[in-house]
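Here's a structure for you.
Chains here go by letter, A, B, C and D, matching the order in which they are written, and residues are numbered from 1 within each.
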Amino acid sequence: MDAKELIARRVAREIGPGMLVNLGIGLPSLVANYVPASLAVFFQAENGVIGLGARPPEGMEDPHLTDAGGGFVSAVPGAASIDSAMSFGLIRGGHLDMTVLGGLQVDEQGQLANWKVPGMMVPGMGGAMDLVIGAARVIVAMQHSARGEAKLVRECTLPLTARRRVNLVVTDLAVIEPTDAGLVLREHAPGVSVAEIVAATDARLIIGDDIQEMIVA
Amino acid sequence: MMKGALSPEAAAKLVPDGASVMIGGFMAVGTPERMIDALVAQGVRNLTVVSNDSAMPGRGVGKLVSAGAVSRMITSHIGLNPETQALMIDGSISVELVPQGTLVERIRAGGMGLGGVLTPTGLGTEVEEGKQVVEVDGERFLLEKPLKADFSLIAAWQADYVGNLSYLLTAHNFNPMMALAGRTVIAEPNAIVPVGVIPPDMVKTPGVLVDHLLVRANTGGQPWTQKN
Amino acid sequence: MDAKELIARRVAREIGPGMLVNLGIGLPSLVANYVPASLAVFFQAENGVIGLGARPPEGMEDPHLTDAGGGFVSAVPGAASIDSAMSFGLIRGGHLDMTVLGGLQVDEQGQLANWKVPGMMVPGMGGAMDLVIGAARVIVAMQHSARGEAKLVRECTLPLTARRRVNLVVTDLAVIEPTDAGLVLREHAPGVSVAEIVAATDARLIIGDDIQEMIVA
Amino acid sequence: MMKGALSPEAAAKLVPDGASVMIGGFMAVGTPERMIDALVAQGVRNLTVVSNDSAMPGRGVGKLVSAGAVSRMITSHIGLNPETQALMIDGSISVELVPQGTLVERIRAGGMGLGGVLTPTGLGTEVEEGKQVVEVDGERFLLEKPLKADFSLIAAWQADYVGNLSYLLTAHNFNPMMALAGRTVIAEPNAIVPVGVIPPDMVKTPGVLVDHLLVRANTGGQPWTQKN
């Protein structure tokens, strides 16, 4: 299983029955593949649909039904169309149970930076700032390091997405929970040692006695 | 998430004395009447009611007023209900009068996580008293605070068991906004249809906002029995 | 023609083709009877419909289609249902061409009081404050006097509906336009003299040279 | 009021150089493409564009960016259009980045006569810089200002000649709010149907908000000729 699949499968286990979940574009969108239909989860795409389904068969795509990345999707039974004001009203108003977002950095306070690398890459925050402010649970799904640089850092050097502490960070090496006390290492990926995780992390990690091996969906 | 439908009696039991309740409707059009009847029958007391108006005696919110169930109202109009006026004047009900457009925006703000409403409505009138005025580019606006409630009791046209709601004509009014602002949302639809029957573009309240549906009126909550 | 009909017929002449117009309950609602269909006016009822039509034949009324007073109405072709947030967004946002409201008092600054008689009658402002703030044109349609008391006063003694100056006052005696300089008498009712109007008015009136007799629709 | 339909060329002529234009769409889904093509063909310059994103080269707002028609953008995302990013970095386009939920509320506030938006989004980030913070009951909110524009160019599913609009699925996005906030609103519907055909409950933009409709694409603006 490759790193992205591992992360997506682990995040999928965080999703409970009947939740309303928003998946960011890229890696987070893979999570949907590993959520069993029996959970009756509704996926929201912030561009305007609750009840996002799989990509339709070739030739049956519709240009008026896409996800937030512009990819063709379908609508499950019980889906609802919403405009952007309602979409972000749901997000900001606390009606979204969970969002899964990519990250550039997460720091010891659990703060996320994921929208700008000054002077290099300025895509814009899109819906990320509202999602981090508003979702009941925020899960960051990202590679543990990028080009040899740790992404779990003491303090974000990149512009923050929000001051809010995220709830969980899932990487290809570990599951980490930001808490009042700091970043707590909860799980290690199969075949990855705690020492390897610590070595790949700039932020200080609180290492408990009961670190489990990641169980994936 | 599929939602089973409750009888009005079971739904009313969820609402304790002293609760704050938003109730949809405009002069009792678009008001969940069976839900209100059940609350009256239960003898609920001391409610704070947020609603556009207090309807008239014998209809909608007016039935709660007549039953002595209401101790406080946040509303825009009580002019067609002499009982509410009398109870306000004798001090049994405290009434906060709010301009209608401000009231619906305060509810929306509460439901959508906004800090308040900046409106020109009410500036220089009694409505301004005690409120913060915020200047934006040299123009003055009243800061009106968001509203939320323990319960929103709303009426709808069609529902499905996901909780999606559609509304009919002037029975929309406050219902779609109140569906956002109640901690528990109970919807009384005119009809419940199978999931997938309401077109996505007709859904005005997504099911994620709705906690409970009231059973259909005409079957008394008993599903048809398959005989053959 | 009785006083109310006279007022309603005169107000109707203020309405131009294609306007979006809100009529208050009571006297103002009569105006609709005198607006020719050829003007293609859309009437808004603030409870949630644009394209309000006449009361349906008996037995064909629908409890889900009423005006702001709770009376049964119909929907003209091209009507739209709107919720209260959209309804007042249209009003407050300047999209309403005209509102016609009843009045308790109008003062020399053209300010309207129409929602409260302290200690006696406190119906609440309903949509009136938003309508007066937001409508492009505000017309007050009222009897010139009530129980022998003038309703056009030097300064409102009743609580104001808004600080905004209304555009026109139409009574059973006169048409009066509030201006920077004060209340200008523009028209007199058939058979009513300027002296009679002045006698029935507490506010100072500016009397022009070209006062016309009211022409009604 | 009945509205005749304009050709894209005639509609584009209404938009002068230097105008501010809101353009509906999300990654070019729900964007009035024929209107944009006509603006590009006209060679319009120096536009201030308010839109969710700058789409991608060759689609939606991306076509205006590539044509050099845009000098300023107020938007939430330019990540999928490398041209916009390059033009921003070399200073040819000035870009104000706004969180998406804030952007749509600012447009709504502009269109609905509110003084601004009080939102927790952006607090403690770069977005806060230079902005007023308003405290409401001890909680802090950013005051974000309303947005209006000279024109709103929106896409819709069905229109009638009153100007009523309905939208399809994820092609709603910013269109219904932009219809409120443009001084002149031009709608490009997928189809125009006779007045009375769109049910009142399906109308999401009342016709009073719409100034002009674009003719149907498939007839080139020529009505069918009655031969028999």
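In the analysis below, a residue touches a chain if its C-beta (ideal position, glycine included) is under 8 Å from a C-beta of that chain, and two chains touch if they have at least 3 such contacts.
In this text the structure is predicted, and so the values were computed from the model without any measurement.
Among the remaining chains, A is positioned farthest from chain C, on the basis of C-alpha centroids. Our note on geometry: chain A versus chain C, Cα centroid distance of 55 Å, whole angstroms.
For this pair, chain A with chain B, the centres built from the Cα atoms lie 35 Å apart.
Chain B and chain D have Cα centroids lying 33 Å from one another.
Residues of chain C in contact with at least two other chains: 49, 75, 81-82, 88-89, 91-92, 133-134. Residue positions of chain D touching 2 or more other chains, listed in rising order: 105, 108, 113-114, 119-120, 167-169, 200-201. Contact topology of the protein chains: irregular, matching none of line, ring, star or complete.
Across the assembly, chains come into contact as A-B, A-D, B-C, B-D, C-D. Residues of chain C that touch chain D in their complex: 17-18, 20, 40, 42, 49-51, 75, 77-82, 86, 88-95, 133-134. Within the complex, the chain C residues that touch chain B are 45-49, 62-66, 68-70, 75, 81-85, 87-89, 91-92, 116, 121-130, 133-134, 159-163.
For chain B in complex with chain D, the touching residues are 105, 109, 113-120, 132, 134, 136-137, 139, 141, 143, 145-146, 166-169, 200-202. Interface residues of chain D, counted against chain C in their complex, comprise 1-2, 108, 111-114, 160, 162, 164, 180, 195-196, 200-201, 203, 206-209.
Contacts from chain B toward chain C in the complex involve residues 26-30, 52-53, 56, 75-80, 85, 88-89, 95, 97, 99-102, 104-105, 108, 119-127, 157, 167-177, 204.
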